[in-house]
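Heads up, there are several structures right after this.
You will see two complexes here that share chain A, one where it goes with chain B and one where it goes with chain C.
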Partner chain A sequence: MNTRFDRRTLLKGGAVALTGIAAPSIVRGQAPATIKIGILQPVTGALAMDGEFGRTGAELAIADVNAAGGIKSLGGAKLEMVFGDARSNPEAGVQEVERMQGEGVVAIVGGFASPICLAASQAASRYDLPYLVDVGVSDQIISRGLKNTFRFAPGFGICTKSAIENLVRINEAAGKATKTVALVHEDGLFGSGLAKLMATELPKHGFEIVETIAIPTPSRDLSNVVLRLRSLNPDLVIPSTYYGETVLLARTMQQQRVRPKAVYSVLNGAASNMRFVKEFPEAADKIMDCNHWHDPRNPKNAELQKRVEAAGKIWNYNTPLNYSSVRLLADAIERAGAADRAKIIAALGSSTFAEHLMPYGPTRFENGQNMGAAPVSTQVQDGQIKVVFPEAFADAKPVFPVRG
Partner chain B sequence: MTRHTALWIALLLAAIAVAPLLTASNAALNFIVFVLIIALAAQGWNLLGGVAGQSSFGHAAFFGTGAYVSALLQLRFGVNAWAGLAAGIAMGALVGWVIGFLSFRAGLRGSYFALVTLAFAEVLRILANAMGFTGGAAGLLLKLDLGFANLQFSSRAQFLWLALGFVALGLIISLRIAATRFGAQLVAVRENEDAAKALGVDVLSVKLRAIAISGAMTAAAGVLYLQYFLYIDAQIAYGVWISVEALLAAMVGGRGLVLGPIIGAFTLHGLGEATKAFAGRVPGIDLMVYGGVLVLVVAFAPGGVLGLLAKLRPKSRRSGETA
Partner chain C sequence: MTYPLPIIAEAMLNGLLTGAVYALVALGLTLVYGVLHIINFAHGALLTSAMFAVWAIHAFLGVDPYLAILPLTPLFFALGYGLQRYVIGPASHGDDGNILLVTLGLAIIIENGLLALFRSDTRSLATDYSFQVVELGPLLLSQARLYGFAGALAVTILLWLLLARTDIGKAIRAVAKEKLGAALVGIDVRHVYAVTFGIGCATLAIAACLLMPTFYVNPRVGGAFVLVAFTIVVLGGMGSIPGALAGGLVIGVVESLCGLFLGESLGQIGIFIIFILVLLFRPTGLFGARA
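Right after this comes the complex of A and B.
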């Protein structure tokens, strides 16, 4: 079995490589070739839900680019998706990058989780294969000096800075309604880092941290955590946890009638996830989050959201983020005028792409990071996730504090 | 060991060694490298769990120690990667000895020993996750700096040969042990600890030596993982996944048999990969096959793939048992 698989991959790779070498002469004259782009998402394992959101966005973007006539500078060449399942772990991500390389993709978009993005972009860098990170927030991703790696979305540093600034501004606008804070964080990469940062930054703005509680992922029961919150009675609860734990925390707080003045989460797995809002509307009501979210003032989002929901899928930020990333890549290929990796990397680096769906402004990469990228603060209001801050993108006013 | 077995082993290693010459597909080579790393970790498990009969559920403790020690030495102290490899292996042996000393001296056997190893691995995982020194939850990232001196190779083939070298070394050690008095003592401890003690075997010392060698082997796999993927965090290095991989590869291949871990690792992952190639579009189908193989092995071939093969052969030609 193994040799058959190898030979086939080899043949495919060879054929694609030959097409690539001959591309200028073939592509201009005759029928447009297809351009393969790799879409890497974890669609099995612990991150499967997020992987699906991302894949949906990438699929829609590829369909739209093709429907609009493909890559015009390459004679209307169509994009073809080569999908890889990263299975929620970095080894599988690397394996899929190798396979995609074998199939002759010109670039890869996705990864979702930081460890997957770190390993996969590194594997791609061996072939100077452009790698566009969709979500992975770890700042190590872009601080390694890899020339092939770009991130359209904001990283951890930008997100936490904005989260704290936004919170301070919202709180001041409400006449400093909240003072005491309890941090509940998952004990992994983003939760611990965030809690540490909050614990040093928030006191500078007049907040008082009354407790920092680390919880493991997955957690099956948070009764004790909520009991602790009840006894501390903080004004503000800041959870930075993944989907399951946030839902559990919100529901346990609802059951035990623990009602802080506000719940302000950061890069939360659930607080800006429509599934949570739909399944537990009461527990989710008025929860705020500082996270990736689409630009609600851009009418294209409503249109895309309708298409996603018409297909029976749930809308989440990964979808417009991956949609935008693929469009950004298509724009770079268009401007590169060739399915050539070095040229695509150069075109990405000089990108000023502005027709995306995110609240970012025009794209401007600096060492691979899109400097225009920033998260927004959202709030669940009337069963919808609304952007409440910054005002330039907001489609609702923050309800803060929720209770007096 | 018979000549027959030696021939099979040599053939298998040679077949893997020439793979890079037969295919230019890095996807295939990358797959083999990963399976070899798993096989090496499983060889460590097999020595303790298979040959000596002390089933561990916490080989992640060794895997992670190897990876973390090497990464920390390189990142925090600027130590050379090869020295990091040696130190990682040595620390794996030491951690093995310490865990062994604490649990074997307390007389823990069977499922109690398995549980306590799981607990050690989890403690190490939580520590690595919580401490700033180990990079906390952000993990440790080795700088991509290709070159022989840094134990990073630009070609997948070179890394494959390195990993294969380690697996071959593991095989040689396992075969040597099987042929010595120490090997016989291990089997004696597995079959009946009290009887072994009555015959004058120093059970504690035998078990400690076994767990130290086992820890060193699995730690070597951890260092190779680090050098190959260049990124570890607590979940990767000390996660339960690697304990399970090490244990399953050895069990599916043939518990206690020298070739078991290699056969098991290639069977499990090879079938998964083959399924992906055939039914590529359905996500998770390879994982279902993986699960299916496990169920079948547990139900119908408790001796693993090699045990099954031995059963199928005519009695007169049976010769594979080397443990």
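Right after this comes the complex of A and C.
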């Protein structure tokens, strides 16, 4: 190796050093160009709380990927977040996708609510821009044949199927402790569809539906619903309602001393939300939910949760879900070896990513849906949300029935 | 669908308790209509801001919602007085049609201001007594809603006494009956208008304090109450204080029973059937002739 400097090397080196002094940003530019990825979350409007949970997860994932040396196949290229606020409505989501497209992102992650995910992924598909849905459960999202759209989390079909299977198994393990069921559902598409499914599926497993009660969103008062529950005295109450109504229902049941053997909710807005547990610990106690949740046996979650809470933020399932989704995308870019949309879509489609934080197996996409994904059954125990089923991921045993 | 008698009785009692608070919300609306002859579209937004005020001083200063009645009632009276005297009155230029639009505009400004300030999150406050009950034989009645009922009755009686026995009450009634005549005998009509609007806002502040222990608030919450309040005002007779109370109680019970028998989603159908029937057969309302 030639250790002597000749004139040319000296000149080149000097030139680079000079440029460096003149424009410090170009020094960083010597490293490979950054890769822009779009993070779309509703951080204002009705869904602001969830949007913030999601943004936190995405930010942490980007920071971790960069801290670990960026995208190695691209010479250590760093990820750069282009954030878009979906403002809790699909139109704003589409506007932000257009803006991100203009800024040259290679993929978009997020959306949260089904309507936003539906509209935003469709807008992205016009540019063959890979779109990774974080939460949106509507199965329409992945049944439109859009090549660019992927969903890491389970959809409505998988969630309801697991919810019923888990409930049947938990009930059987408890010697069929519950039989009669009252369904309380919000009267929109989500609640009604779920109630209908429950009403046809549960009787096949020996349950008896004694009442199906529809409630509007928002509801001012659920005293009458609770009165009906009191007169019917079902073993099991299954609420599929949004945050405000679930909280109101749980508190009114507590007040009116309606104590069924168990409350088992499905994709509920409150029952696996730490805010509910913290604000109304008594009303929330022992409520079960079948929903997205992180894998409590994975030590990385505890670590991430500490970082989130140290920043004064609340931990919710959206955080590890978005963290994992961004890591999944980073892995795909790594394997694609290029910031090229078509190659990233192909790499996502063949992903077997397993270093995520969720209680799923290795990733395996089929028509855009991760077939390894599944929800878990959780229960509020001692002011914590614990996974109680399936056993492979559980960090607590179900208390079922709650009362004899 | 049949229910045991205690459940029907309890649903009716629940309805009465809710109805009293509805009546309180309707009281301000009917008073403003009776005197100023305008429909105050900002009523719902003002209720929402009062509820946020209760929430905020509980969350940040730890003031009990019932204690909050003491500072908030004069505060909202002053706010209402100022709004009528310096915004709605001057902006209307003496034309009632303009007032309608001014209050509608105010409603939009207030709602979006609250949205910007508090975001659209639904908030509620927890007190020790929020979900306490009073046992009445087989019935479990919510303590906070009993307080609400008592408070609403007390405010109605006080307001009625104020109108019947005091000088300002007489002035308000005089302006309501004959604006020009009142002005001719030396009553400051603009002042009376503003006082009336202030009283309307003050009743909203009290309603908010009575509601918040069991209810939640978000920037759109007032709309849910104000639609019911309009129905109560029509049912009780536009401008009638006892009418608002009676109307509120009737509407509360009807809503509760419809919710029980037809399902919560259809609970409000009874209210609007009554609304249409009253307009068809007794357009002056139950107590309308006296207004």
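Just so it is clear, the second predicted complex is superposed on the first by the 374 of 404 C-alpha atoms of A that agree within 3 Å, B and C clash if a C-alpha of one lies under 4 Å from a C-alpha of the other, contacts with A are read in each partner's own complex, and residues count from 1 in each chain.
Criterion: a contact is a pair of C-beta atoms (placed from the backbone, for glycine too) under 8 Å apart; a residue touches a chain by one contact, two chains touch by 3 or more.
Because the structure is a prediction, the values reported are computed rather than measured.
When the two structures are aligned on the shared chain, A:L222 is found in touch with chain C, with no touch to chain B. When both complexes are overlaid on chain A, the residue A:L146 reaches chain B alone and has no touch with chain C.
Touch criterion met: A:R230 reaches chain C, while chain B stays clear of it.
Residue contacts after overlaying the shared chain place A:T44 against chain B and chain C alike. In the superposition on chain A, A:G76 contacts neither chain B nor chain C. By the touch criterion defined above, A:G157 reaches neither chain B nor chain C. In the superposition on chain A, contact of A:S125 is made with chain B only, not with chain C. Within the superposed three-chain model, A:D187 lies in touch with chain B and with chain C [touch as defined at top]. Contacts of A:P390 after superposition on the shared chain: neither chain B nor chain C is touched. Across the two superposed structures, the residue set of chain A contacted by chain B and also by chain C is 44, 48, 187.
Put simply, chain A touches chain B in their complex at residues 1-3, 5-10, 13, 43-44, 48, 85, 87, 89-91, 94-95, 98-99, 101-102, 115, 118-119, 122-123, 125-126, 138, 140, 144, 146, 187-193. Listing the residues of chain C that touch chain A in their complex gives 3-4, 7, 10-11, 14, 18, 119-122, 124, 126, 130-133, 140, 142, 215-216, 218, 221, 224, 256, 259-260, 263-265, 267. Note for the complex: chain A touches chain C at residues 44-46, 48-49, 88, 187, 213-216, 218-225, 227-228, 230-231, 243-244, 247-248, 251-252, 254-257, 279-280, 283. The touching residues of chain B, counted against chain A in their complex, run 22-31, 34, 126, 129-130, 136-139, 141, 143-144, 154, 229-231, 233, 235-236, 241, 270, 273-274, 277, 283-284, 287.
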